[in-house]
């Protein structure tokens, strides 16, 4: 399930800016542990942001996105009080959704 | 000996004369580094941990199924605002000078019924293993945000601890002749590109202490002050101190005393 | 500590160590110094191997530098400098200038020698001089520290006279032979670098073909 | 998406099999990387990555900007952004030339979402970073070098 995301969304002059911080290890699959064994890759592959039912961004990540991924983007529309939902899936099949209100 | 000394001085002057083109380049490097740090400041992953710590604080846990809400961090049970900024301090109930982590562990033991071993097992996080202590300290630290550091060390035990911290700060040993002071006892120096605060002054110590706990991007984790100082000893190529060791609390007391008056800005984000 | 001031030491003080011109300061820890030493030594994990713990031992130089906060009175500093100068050893073949390319690598490597349980060095970790942590050297490396003076154009400025080469070697081998309680490690004394490795770093500083002396 | 699905199937890898299983409803979508463009993320070189993305040899464009510092204090977290004033941008990608796999992330932008995305990536060493955008069905690119510097105490 992972830990909750931190989502901030603010509307200014008809444009909504969304900033997302995700709690995830984003293990590359190239790092070795203390015993010299490769630590298996473990990373978010897909992240989708929705405004209400409408998808406003869909992303695909590789393992070179940083640990605890950060993402900021803007879309036209959105009003104070509207819901923004962000969902991710990782390569181990884990997933999580969180929502925030546009301020 | 003296002529060699003068020769060193002369060559230092010669080198100084060559320094100006480097300065122009340095200021460009400094600008770009400032840009890098600014870009990280908005969206500090430590914020994720702060939220988690808030939950852990009020959750009923341990054999006694109790929360930490009655934990006394020095300002009274459950009083968190400014508590981090006022630690380490002397606690009558234990007869010891304690920092935020040793006090937190004390509360986990006395209020929640954990053993010390259970409470400290994951005192720092590893990839795939989270640390409750990191989350709790991030939360507690943030509750001092905007408050001045206040460790005057007026109690005799606190004053003694600060003095012992000063001793450790200057103590050299190991295969590199290191002490804290060789890197952190001068003004305006840097190691590689990282500025080094002069921790013997209020300004230098304040700049350093006000931002901890901090998210370290090179480690992908929030570091508590215990972790920071234990790792300083690793970098000095010394053996590993115990978690919550008195020598670490002594260093913290010395640094917080020196930094007293500086307004907290935590959690920080650093290299 | 009473100073028997000669003209020479007065001049040296005025030129170099304004901080030292003040009255002697209290030794760190004050009356708790002994207790602090005891507390420090008992703060380490009991499962640290014995040979790791030897890294907490202090020689005369370390003890004295602690006592005087790295600014010993001149006569005491000079005594330490003489003691340290006496430790310097040279490569068997007597050649003090090695291969600057090897020296370039050693100057950049900052790893090695880390012990402890949280993040010890992996087996076979290369140990370097970590020169860039404190010094500017080749122009192309922008990430250099300023704890020590810039050594850019070291050879270009000073040439490669025997005296300069020996100075560079000696300084790296035992920095405290020149300035007691300097921040610079004593690389040769502690066998952190071998005499051969030191000759490579000397070459990196002196060789006209070295990037230190280009650009 | 169709284009990407085809790429995945063509790659003939384990993920493609998972994709087919997911499409057939045999395993739940949450378990599979049905749409994730494995071929593009697995590609090593810039050229192979561009090919897997169906971008060929994109033209350099002044109307595409890669933003980020010239120097990163640590390669584990490097802030980068892509912005463009080109019309009808449907896709943005970030590529790091010297990473083991060049592709870091792709973003599909529905109508109404601005071509202005910021994220943070890992860089193994100093490298050129490329921003790739798809505008009116055509690909354009811009680049910037980011220097990754070593840290203080050296590990």
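We call the chains A, B, C and D, going by the order they appear; numbering starts again at 1 in every chain.
The rule is short, and it goes like this: contacts are C-beta pairs under 8 Å (C-beta built on N, C-alpha and C of every residue); 3 or more make two chains touch, one makes a residue touch a chain.
These numbers were taken from a predicted model, which means no experiment stands behind them.
Counting C-beta pairs in contact, the pair that comes out ahead of the other among A-D and C-D is A-D. Of all chains, the one whose CA centroid is most distant from that of chain D is C. Of all chains shown, B has the CA centroid lying nearest to the centroid of every protein CA atom.
Separating the CA-averaged centres of chain C and chain D is a span of 46 Å. Averaged Cα coordinates give chain A a centre that lies 15 Å from the centre of chain D.
Taking the mean of the C-alpha atoms as each chain's centre, chain A and chain B sit 30 Å apart. Across the assembly, chain D contributes 71, 76-79, 120, 149-150, 152-153 as residues in contact with two or more other chains.
Contact with two or more other chains is made by residues 66-67, 70, 72 of chain A. Residue positions 114, 132-133, 142-143, 145 of chain C each touch two or more of the other chains. Within the complex formed with chain A, the residues of chain B that make contact are 42-43, 45, 47-48, 51-52, 127-128, 217, 220.
Residue ranges on chain D touching chain C, taken from their complex, read 71, 147, 149-150, 152-155.
By the touch criterion given at the top, residues 8, 12, 15-16, 28-33, 35-37, 39-40, 43-45, 48-49, 52-53, 55-58, 61-62, 65-66, 69-70, 78, 81, 113-119, 132-134, 136, 142-147, 149-150, 152-153, 157-158, 176, 178-179, 183, 185-186, 190-192 of chain C touch chain B in their complex.
Contact residues on chain A toward chain B in their complex (touch as defined above): 3-6, 19, 21, 23, 25, 27, 39, 66-68, 70, 72. Against chain D, the residues of chain B that register as touching in their complex are 29, 32-33, 35-37, 39-40, 191-194, 217-218, 220, 235, 271.
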